[in-house]
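There are structures below to look over.
First chain A sits with chain B, and in the next complex the same chain sits with chain C.
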Partner chain A sequence: MMLVTKPVAELCALLIDELHGELPSRIFATLLSKGRSTLPQLSQYTSMTLRQLRHGVAVLLQHNLLFYHLDPGTEFAFYEANAEHAYNLVRTGKILEMIDTSFGAPAKDVMQSLLLSGQTRISDLVAAYQDKIEQATKAGGIVGDEDDFGAETNGVNGDSHPAKNTGPQVKSTAHLNSIICRLVEAEVIDVVHPKTFESSHDVLKTVEKEAMDKHFPAGIKGNKAKIELQERIAEGLRKVRDECKSLKRKLEQNGSAAKRRKLFTGVGMTNGTYEEDIDPALDPKQVIRINYEKCLVDLRNRRLVQFATDIFGETTAYVYGVLLKLLTKDLPRCRSDPAMDVGEDKDDDDEKGRRSVTTDQILDNLKTSVDLSLGIGKAEKRQISSAAAEKVELYPPKKKVLIAEAEVDGEASPDEDEDDSDSSEESDYDSDYKAPTTNGVNGTHGTKVKFDESAAPKERRLDRPTQLRQHLLLLSESRQHFVRHCGPNEWTVDFVPLINALREAELDSVIERTSGRQGLRLVRILRAKGKLDEKALPNVALMRKPELQQKMLEMQTAGFVHVQEVPRDLKADVKKSFFLWFCDVDRSLNRLLDTSYKTMLHCMQVLEALRQKERDVLETTKRTDVRGREKDTMRKEYYERYSRFLECERKLFAQVMRLDDFVSVLRDF
Partner chain B sequence: MSGRGGRGGRGGRGGRGPLTNGRRAVAQNSVPWAMDGDIVLDGKPSELFPPYDVPKAPLLSRKEEKQVSYFLLFREQCQDSPLYTQARNWTQSSGTTARTYGQDQLNKRYGQMSKATVDPFTAVPTYSHRFKKVPRTLPDLGSRPFAKDFFPPELHATLDGDDEHSSGNGPVAKRRRVGPKTLGLSNITSYKTAEELFLPDAQQLGVGAGAGAASMDKALQFIDTIEKQNGDEEAILSGEDDDDWVKGNGEDDEDGNAEEDDQYEDESGDDYNAEAYFDGNQDDEDYDEGGDDGGDYF
Partner chain C sequence: MASTKMADDSAKLQILKDALYEEIRQHGSETRLFTQRDLLDLNIIPNNDLLLLVRVVQGLTDDKLLVGTTNHHAGLAWRWRSREEAKKYTSLPNDETVMVYSIIDEAGADGIWNRTIKNKLNMHEAVVKNCIKFLESKGYIASMKNVEHPNKKMYIKATLRPSERATGGPWFTDGELDTAFISELEGIVFEYIKTRSAYRSSQVQPTAFSSGGTAKPPKKGAVTADSTTARGTKRSATDISTDDTSAPARGGSAKSRHVFLPMPAGYRHYPTVAEIAKFIHDTGITNNTTLGEADIQQLVDVLTYDGLIEPVRVGRRRGYRVTRAMKQDTVPFQKRAKEREAGIGLDQPLAPGPEPLSNGLTEAPCGRCPVFELCEEGGPVSPSNCVYFLQWLDVEDLPKAVAPNVALPP
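The block that comes next holds the complex of A and B.
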């Protein structure tokens, strides 16, 4: 799934070094380069002692960064690096921020503790929190009781407060329990089971063997048996995969799950009343950990909402966010695994079909404070072809959207260019929604509805469901196919073509940044026309030949366009052969992905170099008498150097995270 | 290339010169100034650092700020946890990006603390070493509970903290476990941001309010007054104004001490850090000022 190239390997090792230290990072790097190995082998590779290795491997396993496989009866286990989880470390900040906005600060606190300690038994976590709460109450008693109230309100705003206010983030073990319940129900936390540590390859092997022994003891004969075996294997794999959802299932069996959820979604954590009694006590023996797959689904939702914001504006994007949230509530991962989901289509066909949301559901989940009349234009009835607008598409589109998108359209690109503008701040569909002051940014792209500003103001006063429908129709009409109108008043999202459109939008903005508008225009011409001869291109593009050639070469070195040489005769004379320009989106994207890995790695290396440069300052700040009081104890120049370093560090990490945004669009979504 | 030159020679395309010189002749005809007589050669060396439009990343949005802060806070907590190990030896590795060939060289990159790698300038034990955090080379696994059923059996002893050098499960190892193990939650709740650090100086001094800051302030004021009184440096250097010299000497004694203390603590926590003493003070204005007015240093 994730191709581990050299830059990726180095990046993962550096990330582990950053968060968990040098020893695990060394072991991880060795495991990545040498493949699966046992402890004695590792000792040979790294010339470290077995004791060191055991400690390092234990840390890595605790943080879920390794797979291991132990054949029964053997002494040594085989360890294998889990590069995906190592890469996910870079998303920690994003995941925490997401949890913070959608579940509140206390949930973020729990999540952070969980990330910090790796897989944890629930009882241990509860005990740790109990300790902390007791300490906090003791300290609170000394400081004074009136502080409690202030701390409570502060807890909501985030945790950038002095240590005095930390305790009450999670107020009691019951509160902790309810938080864990909510997170488990949202699937962002799942249960560790013995198979968690088997690499997917090992799991496949065991499942395959089981299926063979159980159902085909005499061997496989014929195509029919082969297909059946495939299905059995897929079934077995799914069973293994679902094991980590056991806790969630148990919670849902309680029956009150839906009710509890309903109580909580509206309430949030702003007021101090928690319905703790309703939550069932969790089995303290269970071991829980973060489920990155589900976190990715949520991150994808946010990215798509941002994409919609760029194209339509705030209100429509908000509606879209609500729709996505409802739609992906039970979606376990961004992409279905071809090995496992083979049979699923057949078995749960009706279930798949049910993955849609009705207009009423969305309406129920919208905040009443949102003014839906914003962001949609007004048009007279006769100007709208309602048949075309309300067209119901029962099935996902068959043809690739990439080709459909190739219509040369100069208008659409600027939307993506201002990715980082302020508007993205408001796109969090969960909490800080603000009603936009202007009407929709640009509602007219490629839609069949033509708006008329002079339409009668009376028509603006539509009722809420109709307005909501307008937004949804707007979404479904766009070139990117944000939403598919899959039945009367039913909506669904085809993620694959949509993500492809998003990818292409990203690619376009990169091309525009590097080669300018001219370059982007040329690329779009090539996409529309397919392969074009070198001599024909100036005519099509209406550009002068030398300029054009320079641009094309520039883009070829950047990997956006490619050239193919077709000899006219056997001698393959260069002067006579054709040179065909074309652009291959997948190839460009792969190259971009690789470049982003390299840039991320480079950022981390720059940081390391900076650290080495400023090491005398940094060593000072690590001292126990200086730490926390840097301002008072350090001299001015040193202090300035230190703060400059901190600023650089922030910028570098921010750059890494932005690149990760890009990588997740290209690779994971 | 040589083949082509040979052909040229045989063909007799070369003008004057011996037969083997064909290549040079071809080159002579095709150099730019042979083809174009009016050409003016620009003999200037190319600019070493030509102006380059450095692309700048856009400023962080509020959301990104939050994300980065959360990440940094998380990292800070991680580095504070008992599982974090770091034994980096800066003096030895002159850059982590250096090319390595083979495992031996790679291993050398990770510094080992031994007598050979000790920095002679900082290794002499001093008082301020008490404040130095000793980097952990092995994670402290014994201090916290683990879900042991998910680890292979070969690691179980290690997870208990019983993995001593002898690897024997003797009473020595057992002794370490005292009381119930608890999962410690980090107490670090904030991470210094650059904005927090860039506070105005006035506030900084006000907040400081410690004796050190106050005396530093006084010293600076004193230095100012001396400078005003004396007018120029030569007066001090020649030692004409005895009163001031004596006064300065007396006052400077304490202040000098305070300054020195500060300085040493700031830099590396050593009494004698020669490297920093020379390097650090060249661009150190405070020190220069002190040297100028306080004639006692001579």
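The block that comes next holds the complex of A and C.
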């Protein structure tokens, strides 16, 4: 959940200004600062006319940036700012790019239309595209759609105009139909229903009231009833939430949907010769919108792939990406909502446990062009732990991978947990692994035969499934626990601890970049050891005392470490007190989150200032005779200023998005 | 008569004293405690005459050749002191000096703070000072530094070497943390772990780096000269390639780039602390300092905290491996060692490992801005007059905004 601080509020207002103009932005900012208000109240706060306000509010509602609530019997509805959605505007570019890579350019085009027009009736969307397609055919396929769709978002999205010289992306209504179906099935698009416009608070109140009226007309008595009420409420909330998915369910029940999907994944998006009409399941009156929750799941996958790239390299990360995509296909959101998903969790605990992917599934989805032999070092068979060798074959135990090794390796496996940190038994281990017999023992399992065949003494050539397993095992052996080997050839990801590791890594890179490697060292010492007296630090960190003290103070100011004073006696003489240093990762991260919002805001404000400075140039480019032909029509000096401005704009937006990457990790994933 | 008897007696006593003292010395070091029973069992005192023993021991104690202590296991007990030491004691001019000397003596290799002496003996400060001055002038005691209390004036018996606790162990030289030594060793340990925990691959990687090698042809002399400036700091991609091509083992194949790759899961040869310690010992780098496994562990821990390496357990073996293997520098360490022998780059601290990761926050100027807290639209420093951003955007030629009082970041 997002905390709306002052920088966040300003940022949201600027983003809305950027995309939807000043009027809606002002209304939004007022709503953020004044809280929920009616139109007359708004008019009082802003001294705008009711007409202006109605227009602005309509725009905001269209884009799901407001909640409203009408109490029965009252005249005016209350409006409330939806800061979360406003913030999501920053992700527009990223989401489009993601749709582009996963669903193709035509799907991106449809998404873009939806982003621009806000929630849209399916019939309107179809009509708009029919127009475009017609125009395009008339113009012989040269005219793109930039005037309608490309230009305005260009800025925020930070991507340059896609090269669209082959006519419209969407070739026919049938094509459009199948795109919508695919996007709905992938849950990145869902349907709007009346409750969509109510804030979670209002929804909760309604659901609560319904539950009370229906199940507890006589009021609540006792703890049991209370718990039951909680469950009823959670159930009610889930029902509301699932309404958005009604269209998806309808499509899934519809046999033709499955057929169509097959057609598309099979044939690809090369051209639109499909002569189907709009799917009957797509009710033309239904209003659809972008589902940011699901988009975030995909964005999270991308970030994790990036993380894996940083740690292992591209090939392993690619495998990981395929795994994640398969694993999260039906995952509706990054984090479960404690208010709703408590009961659910219990119900399908097994279901969740079974959320895993098999090696074969991954193999089936790997691009054939990818060479899996890259990215992992070679080792002779005897250099690999016999236990790990077993893993490369078929039956790893249904536990964390590292633990698995105990069972094969150890005559003395019971004390496995105890010798956690000592290396005293190495010699014994050494003799153990030099003995070739261990391999022999493993080889007795039937499934090993394949491995042995391919294991030519020195330079063994591994087959593709084995190579794939190597990557997967590498991922599961990592300290960050990218993957859990959860069953024979089954793989899953525990997102919560993994994201925590990612957050820590982000924090670490900020610390290392700002306070240097020694700063990082000190923080990680504290993280490992808990609270430490200042006197104990130099010895662990192998740093000189004065430097260390200075570093600690510097990092305290930056919010990376915190100090606690412990008085030695009752008199609490400061000179005699102990000072205990510690670090609180969450606290540091929260502070960084604030810094990020503020930095994003600064980027936008710098952009505003630049715009102000280049006002005259930008005015010129707005003229219809100049627009689109800037280079030819503008004076050279003006054009240079203009292109320099565009460059700055691009850089600043790109930075805002990079910052959002960071915010996403800290807050949403 | 009586006097001759006395003289006789004292001569006899002297003989017994000498005999007992020599016998005691045969039976243990200066730290061994002898109980009364032990002394009788030496069979020097005839007839197990307790009274006589008491007299003999008293005599030896007076001569400072025996030191009595009360030990809570054995009760009263004694340990012996060498004759030279005893002579020092007996040569001291007065009781105060003896007391001061003996308290310093007792403190042993840890040394003792002059304030503690004063407090323990409950003497006047001036008296203690005088005694210390005398003892120092005689060369019996010396002042020392204790790393744990660098500001305290400490004294130690001149014949002793300060204990590890006082000197700070192998990482200290003259009471100062020897950071140059530490970072050199860190570099070596890191290099050792890196090359033994990751696979050096010469696969042709489809990266932009591959052309870097040909841009600067390797020149034997030029490289070393180059490295004086490039060493120690992070090497750029081109540096890596040039270093690589000049490495003698690589011969002429300048096209493919070496990278480190992670080892397959279950790799069982990640180096352990014991192995690292042995390696360090065998290289003889630490010529006059002895480093134990615990010391190496300390160093390895620091590298772990730095995020350069990480512990891995495979089976019951706890080894260490390099993090982010593919991002590691492939310049072999021997090459650097050679440079060091040639006296090049000795002044540069080794900074092992790749650049830290970056993110949106560290890249933006605000992430490193000294006036971040003050910066606000409408305030004295604001984004619309921010010089850092102009610099970052590379548009400095735009008319400078009105914040000249903000210093540019270095």
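Just so we're on the same page, the second predicted complex is superposed on the first by the 544 of 669 C-alpha atoms of A that agree within 3 Å, B and C clash if a C-alpha of one lies under 4 Å from a C-alpha of the other, contacts with A are read in each partner's own complex, and residues count from 1 in each chain.
As a working rule, a contact is a pair of C-beta atoms (placed from the backbone, for glycine too) under 8 Å apart; a residue touches a chain by one contact, two chains touch by 3 or more.
The shown structure was predicted, so the numbers you read here are calculated from the model rather than taken from an experiment.
Undergrad: Just checking: does A:V297 make contact with chain B only, chain C only, both, or neither of them? Give me first, second, both or neither.
TA: neither
Undergrad: For A:Q119, decide between first (touching chain B), second (touching chain C), both and neither.
TA: first
Undergrad: Is A:A107 touching the first partner chain B, the second partner chain C, both, or neither of them?
TA: After superposition on chain A, A:A107 lies in contact with neither partner.
Undergrad: Classify the contacts of A:K651 with the two partner chains as first (chain B alone), second (chain C alone), both, or neither.
TA: So A:K651 meets both chain B and chain C here.
Undergrad: Using the touch definition from the top, say if A:R544 reaches chain B (first), chain C (second), both or neither.
TA: second
Undergrad: Look at A:L473 in the shared chain and tell me whether it touches chain B only, chain C only, both, or neither; answer first, second, both or neither.
TA: second
Undergrad: Could you look at A:I362 and tell me whether it touches chain B, chain C, both or neither (first, second, both, neither)?
TA: In the superposition, A:I362 contacts neither chain B nor chain C.
Undergrad: Which holds for A:V319: it touches chain B only (first), chain C only (second), both, or neither?
TA: A:V319 sits against neither chain B nor chain C.
Undergrad: In the overlay, answer first, second, both or neither for which of chain B and chain C A:E608 touches.
TA: both
Undergrad: What part of chain A is shared between its chain B contacts and its chain C contacts?
TA: On chain A, the overlap between the chain B and chain C contacts is residues 420-422, 425, 428, 605, 608-609, 612, 644, 651, 655, 657-658.
Undergrad: Of all residues in chain A, which touch chain C in the complex?
TA: Contact set of chain A toward chain C: 310-313, 316, 374-379, 383-385, 387-389, 391-392, 401-402, 405-406, 409-410, 416, 419-423, 425-426, 428-429, 432-433, 470, 473-474, 476-477, 479, 505-506, 508-510, 512-514, 517, 520-522, 524-525, 528, 538, 540-545, 592, 595-596, 598-599, 601-603, 605-606, 608-610, 612-613, 644, 648, 651-652, 655, 657-662.
Undergrad: Considering only the defined contacts, which chain C positions touch chain A in the complex?
TA: 150, 171, 176-177, 179, 182, 198-199, 201, 203, 260-269, 272-274, 298-299, 301-302, 305-307, 310, 312-318, 323-327, 351, 356-364, 366-368, 372, 375, 377, 382-386, 389, 393, 395, 398-399, 401
Undergrad: Per the contact definition, I'd like the list of chain B residues that touch chain A in the complex.
TA: By the definition above, chain B touches chain A via 57-58, 60-75, 77-79, 81, 83-88, 90, 95-97, 103-104, 107, 110, 128, 131-133, 136-139, 141, 144-147, 149-155, 158-159, 163, 165, 167, 182-187, 189-190, 192-194, 197-199, 201, 204, 207-208, 210, 212-213, 262-263, 265-269, 276, 280, 283-284, 286.
Undergrad: Residues of chain A touching chain B in their complex?
TA: Where chain A meets chain B, its residues are 18-24, 26, 39, 45-47, 51-52, 54-59, 61-62, 68, 70, 75-77, 92-94, 96-97, 100, 108, 112-113, 115-117, 119-121, 124-125, 127-129, 131-132, 158-163, 166, 192, 194, 196-197, 287, 420-422, 424-425, 428, 605, 608-609, 612, 615-616, 619-620, 622-626, 630-639, 642-644, 646-647, 649-651, 653-655, 657-658.
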